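Note that the chains are named A, B, C, D, E, F, G and H in the order they appear, and that numbering of residues resets to 1 at the start of each chain.
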Amino acid sequence: MDLSQIEKLLRAYQRGEFDTTEAARQIRNLHYEDIGYARVDHSRSTRQGFPEVVFGPGKTRSQIVGIVERLVQKSPNIIVTHTDEGTFGEVRNVVTDAEWHESARLIRIQRDHTERGVGAIAVVSAGTSDIPVAEEAALTAEAMGNRVERVWDVGVAGIHRVLAERELLQRARVVIVVAGMEGALPSVVGGLVGVPVVAVPTSIGYGASFGGVAALLGMLNSCASNVSVVNIDNGFGAGFVASLINRRSEVLD
Amino acid sequence: MDLSQIEKLLRAYQRGEFDTTEAARQIRNLHYEDIGYARVDHSRSTRQGFPEVVFGPGKTRSQIVGIVERLVQKSPNIIVTHTDEGTFGEVRNVVTDAEWHESARLIRIQRDHTERGVGAIAVVSAGTSDIPVAEEAALTAEAMGNRVERVWDVGVAGIHRVLAERELLQRARVVIVVAGMEGALPSVVGGLVGVPVVAVPTSIGYGASFGGVAALLGMLNSCASNVSVVNIDNGFGAGFVASLINRRSEVLD
Amino acid sequence: MDLSQIEKLLRAYQRGEFDTTEAARQIRNLHYEDIGYARVDHSRSTRQGFPEVVFGPGKTRSQIVGIVERLVQKSPNIIVTHTDEGTFGEVRNVVTDAEWHESARLIRIQRDHTERGVGAIAVVSAGTSDIPVAEEAALTAEAMGNRVERVWDVGVAGIHRVLAERELLQRARVVIVVAGMEGALPSVVGGLVGVPVVAVPTSIGYGASFGGVAALLGMLNSCASNVSVVNIDNGFGAGFVASLINRRSEVLD
Amino acid sequence: MDLSQIEKLLRAYQRGEFDTTEAARQIRNLHYEDIGYARVDHSRSTRQGFPEVVFGPGKTRSQIVGIVERLVQKSPNIIVTHTDEGTFGEVRNVVTDAEWHESARLIRIQRDHTERGVGAIAVVSAGTSDIPVAEEAALTAEAMGNRVERVWDVGVAGIHRVLAERELLQRARVVIVVAGMEGALPSVVGGLVGVPVVAVPTSIGYGASFGGVAALLGMLNSCASNVSVVNIDNGFGAGFVASLINRRSEVLD
Amino acid sequence: MDLSQIEKLLRAYQRGEFDTTEAARQIRNLHYEDIGYARVDHSRSTRQGFPEVVFGPGKTRSQIVGIVERLVQKSPNIIVTHTDEGTFGEVRNVVTDAEWHESARLIRIQRDHTERGVGAIAVVSAGTSDIPVAEEAALTAEAMGNRVERVWDVGVAGIHRVLAERELLQRARVVIVVAGMEGALPSVVGGLVGVPVVAVPTSIGYGASFGGVAALLGMLNSCASNVSVVNIDNGFGAGFVASLINRRSEVLD
Amino acid sequence: MDLSQIEKLLRAYQRGEFDTTEAARQIRNLHYEDIGYARVDHSRSTRQGFPEVVFGPGKTRSQIVGIVERLVQKSPNIIVTHTDEGTFGEVRNVVTDAEWHESARLIRIQRDHTERGVGAIAVVSAGTSDIPVAEEAALTAEAMGNRVERVWDVGVAGIHRVLAERELLQRARVVIVVAGMEGALPSVVGGLVGVPVVAVPTSIGYGASFGGVAALLGMLNSCASNVSVVNIDNGFGAGFVASLINRRSEVLD
Amino acid sequence: MDLSQIEKLLRAYQRGEFDTTEAARQIRNLHYEDIGYARVDHSRSTRQGFPEVVFGPGKTRSQIVGIVERLVQKSPNIIVTHTDEGTFGEVRNVVTDAEWHESARLIRIQRDHTERGVGAIAVVSAGTSDIPVAEEAALTAEAMGNRVERVWDVGVAGIHRVLAERELLQRARVVIVVAGMEGALPSVVGGLVGVPVVAVPTSIGYGASFGGVAALLGMLNSCASNVSVVNIDNGFGAGFVASLINRRSEVLD
Amino acid sequence: MDLSQIEKLLRAYQRGEFDTTEAARQIRNLHYEDIGYARVDHSRSTRQGFPEVVFGPGKTRSQIVGIVERLVQKSPNIIVTHTDEGTFGEVRNVVTDAEWHESARLIRIQRDHTERGVGAIAVVSAGTSDIPVAEEAALTAEAMGNRVERVWDVGVAGIHRVLAERELLQRARVVIVVAGMEGALPSVVGGLVGVPVVAVPTSIGYGASFGGVAALLGMLNSCASNVSVVNIDNGFGAGFVASLINRRSEVLD
């Protein structure tokens, strides 16, 4: 709720367009559409430059289709994460330009391709198995108007692989590093660059990786000071945060 | 075992209706029916105003049907939780007015609709994915004689959504708040109302949500003093506790 | 922020008492006093019938004294938890009727003794070592206008001890059960009474009690449906929740 | 390796029946049969009055059949745990008197029915869902020559149910208590009897039961001093330990 | 509450010695002495052949002295665990024959030295550092009328040390094994003997021993079927359970 | 190691200033000063616009003084975290303009006050007890050339407190949110602003806060997409990351 | 990157074969082949005497085939772990001499059979269920040029079984010990031999084995000083480490 | 117990030097000295080329002195770990050439300086704060006859520091890597060398380092195949294992 909206309401009220009860109600009933099982949040786009992402698990297919239908009326770019091809089929029935990204298991609708970033976002994966999460981050960043550089399979046990990409990394405005197992790559990359590193632990590994906990802890304890962390397998979140870091000042205002 | 029952037995004994051995046995053999695999507890209804709920997992379908058959003879309202539609089919064969609630995966038999509450119980869900657990709470509260207000999808990342429902929340005698992921909603709601908040963490989330542990810990550490917590995904328990909080004094006595 | 307050402001605004900017500011600047290191929340008392409790750890003594000084001007009853006798000494210098409760390590100021409860609150401890936490709950409930019945040392390994108090427990409007080690007492008490049970795990125990985790998990998994749980050693929270459950309807309104 | 066997070997050696190398080898090569994927331990029966139990998981069906075939030549009573009906079918092809116990998912061969116990072993389950594990304990105890009393569904939330069985429990030489969820029953039973209680946590529950961890911790922290604990769902182990406790002195020697 | 006591009360009641109310009260008010902060349990001795042990932590010194004073009037042998020499000094002021055991940090009063065991109890420690816990077990077993064999420092990394004691171990009626670090000794001892093994994990170790958790998990997962487990550092519990296992039938009845 | 440095070395080599062996060694021996117990990293300043922070724990006072002495020769601004006043005393002996910040337990040397940020960094604390960590973040951000807005004690249980600061928060280029207990504040703030939120869990709390784990998990599972997280109590890291986000493009290049 | 390679490049550069830019690029672009989804690391073979192993999970079948195709051109021996028979079928289409090892679920290509070890590697399994992991270790060690001695099913509960193999174990240059459940076998073996023991915990077990955590902790806390540990179920890693320990000096150089 | 010793005993027995009972006893009573609270293991030196290390915690000073006194009679080199200077004072009273190592908190007696290694052992620490554990490893390796290269403070956030030492690392026969926080250094070093890496996690760090758990998990999940791991802070164990890896063949035999 921004001040200008309240002031506008107050002036209408002062002009006698509403009575006191209605004015109070309008001030409090902020901007979302209630469709029963969800409150579709149309003000988020104003606040963050992007519509609400739809998190798939726990929702029925028809709920997802319903939410997407509402969002698409107000917002050019939409992402559905952690979903499946069947849901995509139903979404495409109502939104024909929806795209399916198999590796990331993600539906994307992208009608606006304006570039909004200061520089590039580098997305780095430690291993081949981490690519799906890295791809989720990259697709999100692109949907939010960024140029993305993908760097796959440069894990620390062959340190020369990441060193060979140092120049590319040092040109980026922000780096996303995606790694499972011991999650050591963000520390190494963090030491190579002078920009923020957004670290994404993945659930890749077995035994004492505990579904990504080892990588998560490694990243939280990074000895590189420029590393912050998002949830295990949360490629979307990393892409979102990196996009806001990279956003041009005039877009933010 | 209430005193009046013992006294009644003692008087019968004093009148010589039982010998000493039989009197001692009757005092100890309290009120339940042993059907081999279960001791169906007919005294619980007296004690708590509600029959034993049937927790589905680990029981065969025929065990569940058998238990329901006994309960239904003494008790008008019964709930079977964490069950499936196949079990419901078998229950309906013997109890034709049983209802199936798909979202909550719950069988309900409700023959008594007396209202027993002082006020309304508000049931609030943070996200669309949390609705099944919230619905379990709401259905339980209704079965126990309460008026229920459902408020879905008002999670804290769009704080205006819950603020818009403040009035409804402040009218309730008790609020149930159901949330997964970071489980922050009970703290916010707790700060808005002056009544008890029963918080239910859900297993919705992924990665470091650890099947609901993140939400559970968030709720246990709530900085709002009026919050107490039940087990992860335990909508039934929340509905039960809230019903007892809302119960009219004359019903409790 | 309740509707009547907004409406009052709007009318003053309509009468021209404030300009638009000031009206918008007042609507948003809600009720608290900013003293630099804390925002003392004077609206909480209106909302919950009790002033903000002061949680001691991490605050300097002079911060605690400063906060208490502000609170005492608006609120007759105040509690400082997890504190020490030295802090009490400094508080008493400025609030001479403050009381020190050694066992619970709690400062209480109680100037209002109005009874606000429907019935009594029973506070039950499993062992002698659990008394400090139970006492914190009892002192809180008394400060909030309740009659409290204390029942100490009735743990489940001598089940006859709690059975002997059944009558007392069954007369209460709500029961607080405080237990460490395996935390089994709330389940047993929950089965004996037909009112809500607020369970408080304590950190009493050693080895695999893990500082109260064993008791906490036991209580969260209680097979008694009328049990809800607060944080480990959170006697204050249990006393607070129980007080709201016991509150007379006319007080809540 | 018992002393008498070494002495016998030494005498044969002294009589010149073996040379020094062979004698040393025989002393060290103790009593088992190597069948490639397993060393079937024929000395265990001598040492513990029972053949090696076969733990199913991780073994192929033909490995299980092979091991059973060897064991059955030396030992009248055999148990295969955590197995399935398909494996049973293959075992019965070679051992026609093998029995399948569906609830416990256990194969039992019992040719020797000698009673070896001082008294009875009571096996108690907290809920209906805990019966499979309790049944595994009971079947094991019977196979080891004990009289077993089964007491099902006497969980602590209806404390009168277990109190009603106090007499039966107090007559047993040892009590096995099987419980999931909060695992409180062993403490209550432990307080009622003056004999050892062997507690078995089960994985029954959900959410913060963490697959039986809540019950396990509850039992390890039992305030009853006569409780010891075996692994989650380890009905076999409890039956085994209880059998050794109940064993007559002349059998032990 | 045993049946004979109820029957006796009932007969007195039938003879008119009490009225109905008094009879009901007496039946329910079972056997303990309420001293405010504790309910001293005089019936436990009848039920388990031993008075309530006093667990020190969380009790003030004067509470411990008070409890011991009451217990000593009815019971010849008493143990206070997890205590300190200062408390011992105060206990000795009122019970002059109390003994202080520095290593186990335990106060013992032992006036009755009757032997109640079938055989000996072997108490085995894996390392020198585990002796305090092992000593707590041994002192408890002695106080409960058992002959104890101590076997110190025979951990599995020098397997010949425990093998050298095999004969002693095989003569015992029950073996207590106390081990920290990896907690492997109970499995080895369990394989050597045909009697129950009570395993006690200790908090000895560092790093990934997690205060005894590694040893505890090792023991719960023992591949020897005759092992049951008590809490970390719970020497008392192991001594208690072992004493009940070793108890002569005529003592149990 | 940047390309221009290698090229410069190669040219010197080509001119014959070094032989081949020496050239290879120089290429590999990169930029740090070895003082025995530490390799002081003078190239970090070039890479990240800030000297190496000194993490106090595990280092002796004289090691800290030694490291600071080397750093101060090349770098105008230095921070020592998690340290104490005694160490500060020794540092001030050699660097007289060092400042001691008691609340944050941090030594700061700040000789360069150039502003390098695009906008302001808002630092928000949920409670008074979280101020020390928040202060560490704020001091770090200032040392790195940023304008900082401090907002203390606006936790979610009194949601109006943070709403009242919405305007200030919405003007910042990046927001740091510091919270203990349930760690819910970053989600609420994340929903209010359209810039990156760097969340810092603190170890404030007790019981099931597990030293900050509850807050950490809450933040990792935030339903606000613009939140990334640093380690528990890592105010320094948050200040560092936020400074890089806020850095002007011309400073980054 | 070894010095001799740099020196060779530098000489070519000095001879004018490259310009400065190209020389710098070549020094940094180290040895791997980029195939889009993976950087196949041809320098690892030089560094460690073995090609990169292919870890199956998270990779598509065509990715695995693609990686194997590249590796096989430079390296005679290759291993794919944690894979399935379907993948093997596709690999065999392009590499006809690939072998499928069902128990270990591993594809092996072995064209070079040179022996590179000083002595034998003993691979020991505690139980029959641990054989798949043990077999993965043994197959790896063979592929790396070692003679392997397999010793199956010698768990500690029948200590005579491992004692009987002492001689074989004492002849080995390094021993791999594979165990699930309590993971005690490495400590016992460690005490019997004077060479390094590489311990592999397996996920065999149930309940409190927590998927191998109990065994892992047991091994990390081993009281035998010659034990080091690899990840749960990581037979490959153990075979690899053991091969390097056993490697002849002339092979290492 | 080696075969030759048994054969010698058997021959003496055959010559009639012992009777049968005595021979059997001698075969079983293997090589250690029982001093009451400890069994000093004189055969370990034969088995592993090194006397039993004395682990300090949980032992009284006089116990440590007593154990050292016995060991010193048979073994030239002894280490006491995790001890303090006071204990050192008492040890030096009886063993005047004992050395105190403050950083590692370790007592060393080293009378034999024979070199037993094939090559050098490199000991690497990630940070200055990790030096005490690294020093414990280095001192152990020296005491076992190895040449040690110390490389301090080369953590991964400044990757050029470890790359600068590549040559030194590649010359070693085995590398010990000691790291706290995220524990990433062993993976990087593992990728640089072709020999075994023994990784030691340290408890250095705070917050989500959980006393070394983050580093431990990082190392167990290392993507470098040549890494094995010992317990948190177990410098001694790493030094021991590395010494056995480096041992010359003729010493092992």
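The rule is short, and it goes like this: a contact is a pair of C-beta atoms (placed from the backbone, for glycine too) under 8 Å apart; a residue touches a chain by one contact, two chains touch by 3 or more.
Worth saying up front: this structure is predicted, and the values here are computed from it rather than measured.
Engineer: Does the subunit F and subunit G pair touch with the same residues on each side or with different residues, judged by whether over half of the numbers are shared?
Structural biologist: Mostly same residues: over half of the interface numbers shared.
Engineer: Is the C-beta contact count larger for A-C or for B-C?
Structural biologist: B-C
Engineer: Counting contact pairs by residue number and requiring over half to coincide, which of D-G, A-C or F-G is equivalent to C-E?
Structural biologist: D-G
Engineer: Using each chain's Cα centroid, which is most distant from the centroid of subunit F?
Structural biologist: Computed centres place D farthest from subunit F.
Engineer: How far is the middle of subunit D from the middle of subunit H, if each middle is the mean of its Cα atoms, in Å?
Structural biologist: Centre-to-centre distance between subunit D and subunit H: 40 Å.
Engineer: CA centre of subunit A versus CA centre of subunit G: separation in Å?
Structural biologist: Centres of subunit A and subunit G (C-alpha means) sit 38 Å apart.
Engineer: For subunit E and subunit F, what's the span in angstrom between their mean Cα positions?
Structural biologist: The mean C-alpha positions of subunit E and subunit F differ by 54 Å.
Engineer: Please work out the Cα centroid separation of subunit E and subunit G, and write it as a whole number of Å.
Structural biologist: 49
Engineer: Which positions in subunit D are in touch with at least two other chains?
Structural biologist: Within subunit D, residues 1, 3, 44, 127, 158, 163, 166, 191-192, 207-209, 213, 216, 220-221, 225, 231-232 contact more than one other chain.
Engineer: Determine which chains touch and list them pairwise.
Structural biologist: A-B, A-C, A-F, A-G, A-H, B-C, B-D, B-E, B-F, C-D, C-E, C-F, D-E, D-G, D-H, E-G, E-H, F-G, F-H, G-H
Engineer: Quick one: in the complex, what on subunit B touches subunit F?
Structural biologist: Touch residues, subunit B against subunit F: 126-127, 155-159, 163, 181-184, 187-188, 190-192, 205, 207-210, 213-215, 217-225.
Engineer: Taking the touch rule as given, give the residues of subunit H at its contact with subunit F in the complex, in rising order.
Structural biologist: Interface residues on subunit H, with respect to subunit F: 127-132, 152-154, 158, 160-161, 163-164, 166-167, 180, 204, 206-209.
Engineer: Which residues, counting only subunit E, touch subunit B once they are in their complex?
Structural biologist: 3, 6-7, 10-11, 13-14, 20-21, 23-24, 27
Engineer: Touching residues of subunit F toward subunit A in the complex: what are they?
Structural biologist: Against subunit A, the touching part of subunit F is residues 2-3, 44, 47-50, 53, 118-119, 166-167, 170, 173, 191-196, 198, 216, 220-221, 225-232, 236-238, 240-241, 244-245, 249, 252.
Engineer: Along subunit H, where are the residues that touch subunit E in the complex?
Structural biologist: For subunit H paired with subunit E, touching residues are 1, 28-32, 36-39, 41, 43-44, 55, 57-59, 63, 67, 82, 201, 203, 211-213, 216, 231-234.
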